[in-house]
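What follows is a short report on a single structure.
Chain IDs A, B, C and D follow the sequence of writing; residue 1 opens each chain.
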């Protein structure tokens, strides 16, 4: 008895759920949970099916491919730790939260390495026996720095890059190497306070709630598909620094929750949005 | 083109989703949303299927009944306002919130009447052109009072009774007249502070959060299946009265949200719990 | 024995709390609650003092005026219902929530009248025996319409104007008639989604949380001092309309909470921010 | 220029704020923030005063002692890391969150040692260069085990003990060694689900929200003054294990927030409640 997850994405048509679940039934697989969504605007169909039984992956996928319409994507994934490389700058809270959750078994990530453009977090990575690559951007053009990053990242063959407060803007050329595979935590409740110093902006605007946004990175800064957002109350007593401190708890919680959703294969990307099943 | 919702509940068995969605497909009905849950302890299967198309209810249900295992329950419901009678005592906030939401079209209830064991809220019901029945409990035994209540309620043939801060305990004999059809708002975060004066209890315990619980009523006081819970922060500045005032906002929000879920046919009762699809 | 609230605002200087509380003590007034804030950027001092005792307002204020530095503002207010005029367009939820709260005694407003640029909410106002003035903007210039509004509002001598989903932009000339006295509910988590159709914008951006902002109106659209913000979770299942519906609950809660703070004399305006004591 | 916090607690009497702030003024100390609370039931006065200036602690306290009524307690504390010993059993999440926060400078604790009744967390403590004392309870009476704990704890002279998921009930004799100095995280929204296996209880009751409670420990199990409570939504999809996993995030957040409040000298104990200024 194994457990796998079938992820299906295709143009909607009548009878899709029946067709897919019929095939599962024919393969004597039990469906322990099934969630499905049809986007009413685009007519795109998404389904996540938790299956139990004895799998013959090749014949199951063959049967599915015959049944599904053109333009379909499907995958059958085993639940196992996702292999990631984590990119950081100087702040420890997001990396620290991930490390502790991986350590205590509550987040199924296989952290291959930590890469930082400053040396500050090398010691923290070392405390958890992880390789740390210090790739300074100083004296390098953006293109040169990204080439240096790629050189250390690529050999690890990560499934995802996690930007755990990596305070550098990535070029489209870099992002294109990992399409829909880079997860960033942005320190504001997007789309409020796009860009630099969001807590300073929030302080100056006198907001009563601050937030953080975990999202996939695409070519437009702060414009990728949002996975998770969280907020915390603030008030007039908070300086910009106090807001940043309160924000750190929100940032780490939002990033960890987004990673949890990704690890459980719940996140579909649909244009500049996500569907979470 | 009509829209209906198919609700299915039965013992789990392999291929159920396929069987049910096949039948819908055969009837040329499109599934716009499908959610499903199998309780891992009891092995009970629940499914809520939003359908669009031209319905022949009789043949659809006939086909389903042939396919489903023994012990199944299924219904095909049109989305329309549920007919309710609201029971109240003296406090206006829950009734008021329901009235405004029905008035502005955001809650699909058909309020047949309001029944109170005090006259206080008659005027509020009258402002919304609703019949109000003042059925005092004074001088009556509990059985006599409930008989009087039934006498005014029954002719309205309500689908649900809504206890909108009705501060009377109902007997099992009364509850048995409306099995899984009485929705109560309890002024605490159950199971904390069961029983009388929960805000006084909360004040004395020095809690930092208060809550409210909307639930179906069964024979055991405060023990019915929970539909919705909500909370609000409090602190040492709150007197028991302040907590009660803060609690009123939570109570009305929790009750209205629970009614919204019921109105959308999302709530299945499963023993002393709910499954919300 | 009376209860009053002393509100003090002035440039900070050493010993201010001692000076003010000394004067209260000298007048044999008991301080049941005192909250104070010094803005570290501007060096402005704010204090709210709840007093109990026998008041001689004139001598108390005379003593305070002698003690306080130049540039001080102070007032001694009795806790009583604030007189307001509510402006609306077509949506009932914010007006309805205010009406119910005033009706059940949980919000101390004295609603003098409701003014709408559409006739839709006349009936709702009538249900609570309130005068309704239908002042259509159609066929009028913005200046003409605002003159018509002023003509019906001014005779009521309101302390505050409440914009309960009044979907018109007010000119600086109008706003200048009620400085820091117009409270608006904006249907987004400002500064996200400034301007028109925020729920459509939120839907297109694929956010996971929506919000509402209650603020004082100043000359810049959506830029006045924020009093209260609230949020609610949404997901991919929400259409723009669903977001708007979920948003209505947040809007009414944020506006009612902001009004509660204003009614309790807790809100100081400090530049484009609020200090809430 | 130094910054200190004056904490005052005494029977209420007219003019107290004036007297205390006068003394501060006389000592040429600036009050940057002052919060005060009078419990209306007991008539007990609490005040927290943030002071800036040049301190002569002895004369300041001498002046205060002359002014304050009998039964007063006052202290003048410098803001510095509090010295603690952390007690654990097997679960890493609360200890891990504290370690990361201390590591990144966001929580001002000086962790003298970690003490566990199992060896599981020794490695985690070692990763942060902390002494770990494994004091098994096996084969020992409760009294013997507590004697062994005291033997390792006492030499560290901790200001507080932090029970970071220490799954042992402490005797009154042990608690009496650290009056109002033991902070525990209880894995439920007290007073719901007192006692063992709260997540199993929550699962069986079918609640829609779970919570955690950080509190001071007193003689009655789960009955000490509550410092902080936090909650998280759950639904029918959550098994008891899923609830426990979701609960871990709430537990660590509630404990860390409570420690933050203690570190900032904001928590007064008042009978079986806390006043947080």
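To be clear about the criterion, a residue touches a chain if its C-beta (ideal position, glycine included) is under 8 Å from a C-beta of that chain, and two chains touch if they have at least 3 such contacts.
This structure is a prediction, so every number in the text was calculated from the model and none was measured.
**Q** I want to confirm something about chain C and chain D. Since they are copies of the same sequence, is their interface symmetric in residue numbering (over half shared, so same) or not (under half, so different)?
**A** Looking at both copies, the contact residues mostly coincide.
**Q** Does A-B or A-C have more contacting C-beta pairs?
**A** Answer to which pair has more contacts is A-C.
**Q** Suppose each chain is reduced to the average of its Cα coordinates; what separation in Å results between chain A and chain B?
**A** Centre-to-centre distance between chain A and chain B: 37 Å.
**Q** Quick one: report the Å distance separating chain A from chain C, using the average Cα coordinate of each chain.
**A** It comes to 40 Å between the two C-alpha centres.
**Q** At which residue positions does chain B touch at least two other chains?
**A** As it turns out, chain B has residues touching two or more other chains at 33, 37, 40, 237.
**Q** What kind of graph do the touching chains make: line, ring, star, complete, other?
**A** complete
**Q** Any idea which chain C residues touch chain D in the complex?
**A** Per the touch definition, chain C meets chain D at residues 14-15, 17-18, 21-22, 24-25, 28, 30-38, 40.
**Q** Would you mind writing out the residues of chain C in touch with chain A in their complex?
**A** Listed in rising order, the residues of chain C that touch chain A are 37, 39-40, 189-193, 205-209, 211, 225-231, 235-237, 239, 270, 272-276.
**Q** In the complex of these two chains, what residues of chain C are touching chain B?
**A** Residues 33, 91-93, 96-97, 99-101, 103-104, 106, 124, 127-128, 237, 245, 248-249, 253.
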